[in-house]
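Going in written order, the chains are labelled A, B, C and D, and every chain counts its residues from 1.
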Amino acid sequence: MTLNIGIIGLGFMGSDHVKRVATKINGARLAGVADLKQDLAEKYAKEYGAKIYKSGIDLIDSPDIDAVMVVTRPHETHEQFVLHAIEIGKYVFCEKPLTLTAAGCKKIVDAEVKGGKRLVQVGFMRRFDPGYIEIKKAIDDHVYGEPLLIHATHRNCSVDETYDTSMSIIETAIHEADVLHWLLGEDYESGTTFLPKKQTKYTHSKLHDPQIITLDTKSGVHIDLEVFVNDQIGYDINCSVVCENGIISLRSPFNSSVKKGLYDQTYIPKDCTERFATAYDNEIQEWVNGVEADKVTGPSSWDGLVAMVTCDALAKSRDNDAERVAIVLPDKKPSLY
Amino acid sequence: MTLNIGIIGLGFMGSDHVKRVATKINGARLAGVADLKQDLAEKYAKEYGAKIYKSGIDLIDSPDIDAVMVVTRPHETHEQFVLHAIEIGKYVFCEKPLTLTAAGCKKIVDAEVKGGKRLVQVGFMRRFDPGYIEIKKAIDDHVYGEPLLIHATHRNCSVDETYDTSMSIIETAIHEADVLHWLLGEDYESGTTFLPKKQTKYTHSKLHDPQIITLDTKSGVHIDLEVFVNDQIGYDINCSVVCENGIISLRSPFNSSVKKGLYDQTYIPKDCTERFATAYDNEIQEWVNGVEADKVTGPSSWDGLVAMVTCDALAKSRDNDAERVAIVLPDKKPSLY
Amino acid sequence: MTLNIGIIGLGFMGSDHVKRVATKINGARLAGVADLKQDLAEKYAKEYGAKIYKSGIDLIDSPDIDAVMVVTRPHETHEQFVLHAIEIGKYVFCEKPLTLTAAGCKKIVDAEVKGGKRLVQVGFMRRFDPGYIEIKKAIDDHVYGEPLLIHATHRNCSVDETYDTSMSIIETAIHEADVLHWLLGEDYESGTTFLPKKQTKYTHSKLHDPQIITLDTKSGVHIDLEVFVNDQIGYDINCSVVCENGIISLRSPFNSSVKKGLYDQTYIPKDCTERFATAYDNEIQEWVNGVEADKVTGPSSWDGLVAMVTCDALAKSRDNDAERVAIVLPDKKPSLY
Amino acid sequence: MTLNIGIIGLGFMGSDHVKRVATKINGARLAGVADLKQDLAEKYAKEYGAKIYKSGIDLIDSPDIDAVMVVTRPHETHEQFVLHAIEIGKYVFCEKPLTLTAAGCKKIVDAEVKGGKRLVQVGFMRRFDPGYIEIKKAIDDHVYGEPLLIHATHRNCSVDETYDTSMSIIETAIHEADVLHWLLGEDYESGTTFLPKKQTKYTHSKLHDPQIITLDTKSGVHIDLEVFVNDQIGYDINCSVVCENGIISLRSPFNSSVKKGLYDQTYIPKDCTERFATAYDNEIQEWVNGVEADKVTGPSSWDGLVAMVTCDALAKSRDNDAERVAIVLPDKKPSLY
């Protein structure tokens, strides 16, 4: 059977998913699109033979759409679409962050739990990246003994003026907040956010850049994370897990190297759609497979909530002179997850 | 529309393609399988909900099959299936080598030309590998000036006793024979095959291993190629193109690195399905897209013929003390290609 | 002229310096040795044709010794020898740490200032390492713009039971304390030492391992440093300086790489004498050249004092739950330095 | 004791050795210099406090000179100085090539044999490079089993118009001719030199660039060598030894890496004095130690002769359409070597 996918939101990430669903995913087709910008909707509808829906809600409600992807910006709009999909019992994939508040995430978790069925997958694509998967397998198989420390960096080429200090956590560090506790298989105990006095000249008045985050897990693994979103060098994601018997490090993939002008060089990807192309493909393929099998197993609403609670603690630390802030989940993980 | 694919031959490569078509390719489904080994046919038919055909010819003839993949061994069997598909006007993908003789390839080219339509794609998957594509783009765009030399290695972990001296050319070097002249965009002038006196202890009496091949193109680019099929280290494919202003080299992809026990190490893939997984996916996706669009543009029967003519010259050199042997194509490239 | 060098202390580092002076340094010869362990003194005296002195003080006082190297352990013994050399106006090289207390360093600085001549060089060899020198030059020449962050690791294979929690700072992190502010050309503002709850099973009851240190400079550059002295992987020193326009990283040197058994690997040195062999050679050569020219310019007593004040702040932070501790130098840098 | 070294020839390599002897070598001092260019002699005599000799012969004859280094150009001048040193029984280090003809080398060998004492060391510095030494040790210790193949490149940034086709062998490939059979511990059986039709635009009418050389050893190890002296990328020396159980490769050393502008890069040295600085230091230190001990063990006149016989065979092949030419040593190795 071929699954009919509808996508709401056709911007940078949305258009990337549109192309993915239409041309790369097995067992799925792009059936419908919706965007407030009518020209975008028309462009992709025409290119891939999809139907245009007047609104996200209309798309969700349509009997011609088997499952929905929510890729809207601003992210505040995620919540209504996800809740509506849950309400009518339709599978929905939502890009991260699930919502911009822990309260919003909690509302979604509660709705899903009330419905009694996992319908939501959150776009934490790194869990589907071959590199992170290799590292997780090494940790799970105890290949290098117990993990002790993680050093991570999340670096972007540059951001525009709409990106402010809060987003370094809520838009950027949220990826590590999710993927690192998944890697380690345990929850966080506390976190800190430190704003070093010296900033890059490439930033603007509303953005403190770079920022330094730490996280400590329940068992005592210590994590440090550099978030630097105007690095000028590329989209440079690093993660080294220091274990008792060895250190395993994520490596950015490249396909060729060049020697020229006294240098031997390899390429650094320029953005997330390039760096994590395979991860995004795997993520959506597994989601489609899950929907087809009526059992979705990717990152859940609960994972979306955990990430947002973590971000809230980091923001509180940032606003309180880098004090250590406890990371406390609202209640026990529901048995649904 | 979803294309119904039938696959003939379910061995090492055939089963890899079965899984690919069934689970990774967009716009296609595994509709039918055929193999002399009935248990293999039953296994994959059951696993992916495909129909079993009694013979390859039955599968090709079936109106339920839109396009055919020929992955049979021994490779002598390719010819009959490809010719039959051409005869009834059905698209056919055939693993390399297209046939084991230049004469066989010529028969296929002639049949296709007579039919007046390109129906065949040959499994030279490296043309779809991101690394080779990067290199080709650099050459085509003249980024580092004119190419002058190529150094290549084709190394396998090990082979069994059915693999003999002739296969180092016809099964293994054939990949470079195809991909290197495609990279350079020109035909070969001559080639040599040298059998170094010293051989690995891991070989057997019917196999001279390693072997050294050279190829020179019409414009005078010189290529050397090590073929070593019992290297004990992994599937290690290298290709460095020395240009006037720089040297661009293929790099085997890895996703993580490990420091342990005084060494910093990265992984070498163990076989072609692992090393070229992305290339195979892209190859079949583009073939499916081509069939869907009724216009296949991947490696053609003509490319299969050129590769076999090249292999014949290399074999002649090997049997004549590494003398330089001219590489002469049978006639002009038909306008169909 | 050939300088007659006397070396006090013939243990791990002392014997390394003995060999260096006797066989690698231009313009110098090993003239005398002293060690409480008489057999060590005899061994090296015989091997290199040097004279044995009954005590360090005797060696310093000898008119046959032009300049002295103090490489004794325990490090408490450095102070007396250095002070005695200053007193009689003889050049003295002293391994780090200069003394084990800021007060002891201060005494040496005061004695030297009173004498009115720089006579002491401290063994911070990293300032002579080609990698650190490349990084310093890039920073000084502003090649990648302003430095913003430094990530560093100081990892050792393993330590024995005499190495305790305090030594991670005073014996190990002291190298980074010195070299990083030298790299940046500015003083520290504050530091922290955090003891992550999770420790390696390879440590013992008196050693908390690993430890995480941070330093912030006056201008606001933020540094994080992992100190891990039972890493089981090698002597793994890393330093990445994140600048506004690029990131420059120290690379551990290797001379060959090996592919075997599905891995491509390079070597990690096993200890400091191997990793920093060139740095040690350069350090002692420049010291000998300085003595010969009657003008020593390497790391001074003041640098030894600054490092110790930094270590004291880090120790205080460690004992106070990782609180941020100001790093305050005792007074202005004397004009002698 | 400090050895008084005299250096004849103060050009590119000569001045590098002058600085080395004067400032880096233990147990030696620069005592005298001679060069036809009087200003060069004055410059270095003044800089390092050495005496100027009117001629090379005067320098060799001087009782104030303990041992001599011959670094003159053109290389034809080597022979007279080396023979004169042998005649008066003085140790002499001579840069490669020892002479420009096998006959000249033979004359030196004969003179040395007649004198009954090894007095000559030839400047094949690569035998003192840590990378080649690691590879030789691995081969000698049989760590990866029997060596089967070697792939090598000798690339230079660029050469001027005085460098012609013959020099690619006699000035450049001579290094590999020496170091590779030393690595393998056996003599060559035959060699070929192939001039690929396509040449770099950076060459000139008297120079065919690049060139491809092969060598086969007595036991049957096959070697291919790219000589490319206008590569525009740096001084890029590579050597991979393919063994039965692993492949060991020389790696050009670097001390730091840089990420900037979408690339992660490491440095390629620009010439031999930079790439092989450590090898040159070790070479001269060991020579000085040998002279001091009255027993020189580095590359001998015989090695110089073997290299030149090899070069002659390669030149003959080049002039005869790349035919395979036997490499035949003039007679048995004298027992002196």
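We adopt the following convention: a residue touches a chain if its C-beta (ideal position, glycine included) is under 8 Å from a C-beta of that chain, and two chains touch if they have at least 3 such contacts.
Nothing here was measured: the structure is a model prediction, and the numbers come from that model.
**Q** So which chain is farthest from chain A, going by the mean of the CA atoms in each chain?
**A** D
**Q** Round to the nearest whole Å and give the separation of the Cα centres of chain A and chain D.
**A** The separation of the two C-alpha centroids amounts to 57 Å.
**Q** Using the average of all C-alpha atoms in each chain as its centre, how far is it in Å between chain C and chain D?
**A** The mean C-alpha positions of chain C and chain D differ by 38 Å.
**Q** Return the distance between the CA-based centres of chain B and chain D, expressed in whole Å.
**A** 44
**Q** Give the residues of chain C touching no fewer than two other chains, as numbers and ranges.
**A** Expected reply: 232-233, 236, 245-247, 259-261, 266.
**Q** So how do the chains connect up here, line, ring, star, complete, or something else (other)?
**A** Shape of the chain contacts: complete, all pairs touching.
**Q** Spell out the residues on chain B that touch chain D in their complex, using ranges where they run on.
**A** Counting only chain B, the residues touching chain D are 145-149, 151, 153, 194, 196-202, 210, 212, 216, 219-222, 224, 226, 228, 231-233, 236, 242, 244-247.
**Q** Can you list the residues on chain B that touch chain A in the complex?
**A** Going through chain B, the ones touching chain A are 2, 22-26, 28, 129-131, 133-135, 138, 144, 245-251, 253-261, 266, 278, 285, 289.
**Q** Under the stated contact criterion, what part of chain C meets chain B in this complex?
**A** 232-234, 236, 259-268, 270
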